[in-house]
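Next come two complexes, and both contain subunit A; in the first it sits with subunit B, in the second with subunit C.
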Partner chain A sequence: MIIKFSKITGFIRKEFLQMMRDVRMRMVLFAAPVIMLLLFGYAVSTDVKSINMAYIDEDKTELSRELIGKFTSSGYFINYAGIKSPLEAGLQMDSGKIEVFLHIENGFEKKIRSGSVASVQLLIDGTDSSRASVIVSYVNTITQAFSYNFFRQRVMLSLSAINSGRQKGGKAVKMPQDVELKQRVFFNPDLSSTNYFLPVIQGLIICLLTIMLTSMSIVKERETGTIDQIAVSPITPWELIAGKTIPFALVSFIDIILITALIVFWFKVPFKGNILFLMISAAVFIISTTSVGLFISTISKTQQQAILTMFFFLLPSIMFSGFIFPVSSMPPAAQVIAFVNPVKYYVDIIRGIFLKGVGFDVLWPNLTALAVIGSVLFYVSARRFGKSLE
Partner chain B sequence: MKILSSAKRILALGSKEWIQIYRDGRSLVLSFLLPVIMMVIFGYALSMDVTHVKLVVLDNDKTPFSRSLIEEFSHNEYISVINFASNNGEIDSLLNGGEAAMGLVIPVEFEKRHLSGKSADIQLLVDGSDSSSALVSIGYVQAIVLDFNQANEISEMKQNGIKNPEIPVDIRSRIMYNSELKSKNFIIPGILAIIMAIISALITSLTISREWERGTMETLISTPVRRFELFTGKMIPYIFIALFDVIVSVCLGYFIFGVPLKGNFTELYLIALLFLIGNSSLGILISSATKSQVLSVQLSMMITFLPSFILSGYVFPVKNMPAIVQAFTYLVPAKYLILCIKGIALKGIGLTLLWSQILFLFLFCIIVAIGSIKYLDLRIPE
Partner chain C sequence: MYSVEVANLTKIYGKFKAVDNISFSVNKGEIFGFLGPNGAGKSTTIKMLCGITQPTSGSGHAGGFDIKTEQKMIKSNIGYMSQKFSLYDDLSVIENLEFFGNIYGIRNNELNKRIDAVLEMAEIGENKNVMVARLPIGIKQRLSLGGAILHDPSILFLDEPTSGVDPIMRRNFWELIYRFSSEGKTIFVTTHYMDEAEHCDRIALIISGGIMAIDSPSGLKNSLQYSVYTLKVKDFIHAFDIISGLDSISEASIFGNDIHILCKSDMKNPENIIKDILIKNGFSDITIKKIKPSLEDVFVTAAKAKDNKVFL
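Right, the complex of A and B next:
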């Protein structure tokens, strides 16, 4: 494993020039990541707001209006007017125009005031379970608070009836004090989903870019036979690997800096951690994804094979990264896949740095795992690559 | 006569393409099996259900009352009490390291204050990083505390021999289409669309550029083949492969993962066919525009993979996006396919409600197909 840097600088420069010569390649390398980030940056939000809601109020009393008002004034629901019958509401829900339908029947207020049970019907569109869960949570908070309010009134009424009926000097029954929940949200106090998803996009873009470029460019040389010419030249396999991977790795690193700057300055995602730690992690991450690309190139003869094989790596590494689907919700056997997935560790690191502002002291296990995976991948694929040249 | 010979040429091209796929064993296996394998793995593994939220409890009171409150948290599938902390710092470090998602702090003299009628506050510390999960988790805790309060009042009344009052409002919530709120029911249809989007555009994006790179394009040009025939012949084998994948994937979703299929399968299948034609045309367009396999792949990956994932409304609702990005989503065919699959599979609605999606898909198909036929360059570069 001898690398003479004087010898490979020329080789790297040639690779670099070859890469940069093509206008379209320059676009892929620099413009595409930026455009993707700008486009996706505005898109990655799962915030549950502007929920279209329709209601039918048959009761038309103070209380029924109060309940409806609790929904409309919460800021989450938008009134979808013009629904006349439950049947029509069902149809609008089918076509996706409304997500929540509230039906208050006649006698709502009367039943509440008279101490009996008033029932209210709510339909919630559950197609997107994730969004629906949040809607259910909003709806429950509103309706439960509404109902509980009257419940307490009822309790108080019967208690005071008892107390007044009791002889003087007797111990009065007190209304039990409620336990109150005070919540404090850490790390992302505005509960903005963009802060959670956006920083991670850099990991996805870089992963895509490095794996694709490395594997395809090497396989291309093999397909066209130019790799044999290099193989017979005095360059050793290790030098060839360095020459093939370093230019892409460098460009990806520049992309990461560019993207991070955009995320922080353009999208104004709060950055709480250490920039140096992020850069070190990014470098380690690039090494591991480049190695994946190298590995794919050693097991593929044609570019079509390379692309299919790549797909086989890429899709799971993004799905099992925790980017959207939390690793903790996966069954144990699937968590094993996440456990060897470099992207997962990088996602954790980015989120830790951006949102929590934690550094090496908390994230060292992730960085270590990333480094171990990266070096194992690099070693294995570099050896395979060397063999494939002989 | 003309049509016949044209059809002959298309068939010849198609079978040539098929032989090339067939010869390359791995490409054949991967393009047939990859979508299926992915469906199995993702269908099994991915979930967005917010269950077993990890809660760490700091009980500064240690009285029967505080324990009865904690008890309320330990018997449901939504929240798991994973740890008892002895001080605030411990909660902080568990939240920092991501080992716990919430912390519950019960203050000293909690029981005493409650019994003496003073306000007794408990504090919930929430890791808000993942805002959706955080909101749902907070909702769980609020519901538990409310139940706890209500139960206390009822038991207080019982002690005094009063019949407890009725709960004033009975909320009859019904969750439509996906009554158990299983995330698999929307994850799997979306995965199907994404895999189809990538596979169909990705593989076809190599077809024309490969001919150029290998130099066989010039031979093709010298034959009487016309642009339309080349386009159709190249596409047919891949459409068949993808249609096979659709059947297998839908069967997997239905039989293995229990995703309902309330609507009509034939309608679903025809929409998928339309989608595949559109996306494969896109692949051919990219391929003839770049004439290089590396670039084609890059481009088709960027145009299909991440947009199908992020701009299709799959996980990120389109209506949350600013207007200009919403305009872009009209260019993402996966958006229409996902809406149609969800509509047909979960809601059981048919063409009457989905016609606008189908129309858009159809327009996309026509425009891209015409574009890619126009763009096919059948001249030998000088």
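Right, the complex of A and C next:
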């Protein structure tokens, strides 16, 4: 056992030397995570805000202005001025300059006060369906609140008229109370998409790094022929696998700590869970990713092939992980893919640790799934790798 | 006891027979050459001897260790130098040696001693911290050999060891090999270069997975059943066209300004026959001389006669 360990340390030393000397490698190790964090931290946001809205008020009454004011003062809609006709509005929506168009007809207030129904036309750009459905809900909330308040005022007025016309000693009619909905968002109160995306970035980065580093370093040795030199030595395939995977796992761990620190202290993403549990889960996850790297190295002859194959695996893994699109809203066939996708389980664990503050007690099924998938992947890849040395 | 011995060694990949029932024995300290075209089975045989690949059938031992069951012991006992030199370009000389020493289980003082010996043999001197990528090819070659003997193996496998190296470096390299041989190391060399094969004590001619002959270089040349003649004539290219079309000639090739002709040894009076044909075709000033066959002649006739199991 002592001999075995010292052989692996020689490997680890060599891999670190080679990693640190390669300029491109240094870029990937440190620049790539930072760029991804900046992108998702600042540039990408799925929060539905800054909605450009144009309106045409043909009524120009107190009530119509009040309705419009509810939109423009909500903080979500931005007034896009200068639209003179519905046709122009249509053109601006086509070119993406506005997303919402509000059209109030002449006679709006008159109709309402006289007891008829007044309609208001709202056009919404449905191209981005997720965004549009959120806009629809904003609009519904605002118009319903507006209607409700209006009716409430009318009822109060009517009631005071009834009460003041009452005989002395009679019962006063009370104003009916309503159901007040008190909303509280657990775990991510600001509904900030940054909090939703950034913790997962850490998982994606170690996934990318371990797969890429493991597969490329092995393929490079195959390209230069140095792997023949290793194959004829008394080193066992297990020692070789350990030597080729441990260095990159270590680097990934360092990256995890750095990125988590950045996310928590710079981007102010909450971290409510246990850091030790995060490390353990990361370690189990890395078993899966380094196995994939090993596997890729057995099917690639050149380093370019290795990178392309890696993306072939990586893209579906990310799509079917719940990173951007929730797994539960996917069709059953897609959910099957997610079921065997280690990234999915790690994403759930990360979000659980960062945002919900839960630990092993809740997340043990995820951790178990990771362990099982990791073991299978490792066994298959290690066998293939051993054969490839012959 | 032989240093290396194989009997009826066969390796089949799917439907393809890479190595077909070969047998040979090599003495301790012998320089043994594998000569043969690409795809002949040289690399596969070596892989089996190094304990990397399992034979399909047959048996053998290397350094006393069975090639089927004691592969790890074999690996600790053999050194291998590959054609590509197998050095890490992005590590220094000493980092390379430390790494290789490490995977052979040599540590600390012992490792330092051996590394110093290799550095001296390879004449690297002060360059031990230089990146391998910056070294000239002659030094890389010696360094690669040094890496192969770091753990003091009793058997060395050299795969095309001097490809791409100039004649002077090659000569220096072979001096090292002779030194190892006299120290009792058994050395296997695979090569395409005929002049390199001349350095070997014995050569095995391997073609299409089978051994055509095993003998010393002079033995192979002497037992060749062909005679070799050199022909000097003006307009030799035109003469070549005529001669290579003759049925009685086994092989003709252009050597510089001369033509080399191979004829079966039992052919009567080939010089006159050839001269007559050329004169009939209007050539003059013809000189034909019998010369000693070269290893290339041996190689070429063996490759052509691969359908016949015995050609010597």
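The working rule: the second predicted complex is superposed on the first by the 348 of 390 C-alpha atoms of A that agree within 3 Å, B and C clash if a C-alpha of one lies under 4 Å from a C-alpha of the other, contacts with A are read in each partner's own complex, and residues count from 1 in each chain.
Here is the rule we use: a residue touches a chain if its C-beta (ideal position, glycine included) is under 8 Å from a C-beta of that chain, and two chains touch if they have at least 3 such contacts.
It should be emphasised that the depicted structure is a prediction, and the values quoted were computed from it without experimental measurement.
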Combined model on subunit A where subunit B meets subunit C, clash or fit: fit
First (subunit B), second (subunit C), both or neither touched by A:185: first
Touched partner set for A:165, first subunit B, second subunit C, both or neither: neither
Which superposed partner A:82 touches (first subunit B, second subunit C, both, neither): neither
Touching partner for A:332 - first (subunit B), second (subunit C), both, neither: neither
Partner chain(s) touched by A:32 [first = subunit B, second = subunit C, both, neither]: first
Partner chain(s) touched by A:226 [first = subunit B, second = subunit C, both, neither]: second
Dominant contact partner of subunit A by residue count, subunit C or subunit B: B
Lowest inter-chain C-alpha distance for subunit C and subunit B in the superposed arrangement, angstrom: 10
Common interface positions of subunit A, toward subunit B and toward subunit C: 224
Subunit A to subunit C touching residues, read off their complex: 3, 6-7, 9-11, 13-14, 17-18, 21-22, 224-226, 228-236, 389-390
Complex contacts: residues of subunit B adjacent to subunit A: 24, 26-27, 30-31, 34, 37-38, 41-42, 44-52, 54, 69, 95-98, 113-114, 117-136, 138-143, 145-146, 148-150, 152-153, 156-157, 160, 162, 164-179, 181-183, 185-187, 195, 198-199, 202-203, 206, 210, 213, 290, 293-295, 297-299, 301-302, 305-307, 309-311, 315-317, 319-322, 324-325, 328-329, 339, 342-343, 346-347, 349, 353
List of subunit A residues in touch with subunit B within their complex: 24-25, 28, 32, 36, 39-40, 42-50, 67, 93-96, 112, 115-134, 136-141, 143-148, 150-152, 154-155, 158-159, 162, 173-193, 195-197, 204-205, 208, 212-213, 216-217, 220, 223-224, 302-305, 307-309, 311-312, 314-316, 318-320, 324-326, 328-331, 334, 337, 348, 351-352, 355-356, 358, 362
Complex contacts: residues of subunit C adjacent to subunit A: 47, 50-54, 72, 75-76, 78, 80, 82-91, 95, 98-100, 102-105, 107, 147, 157
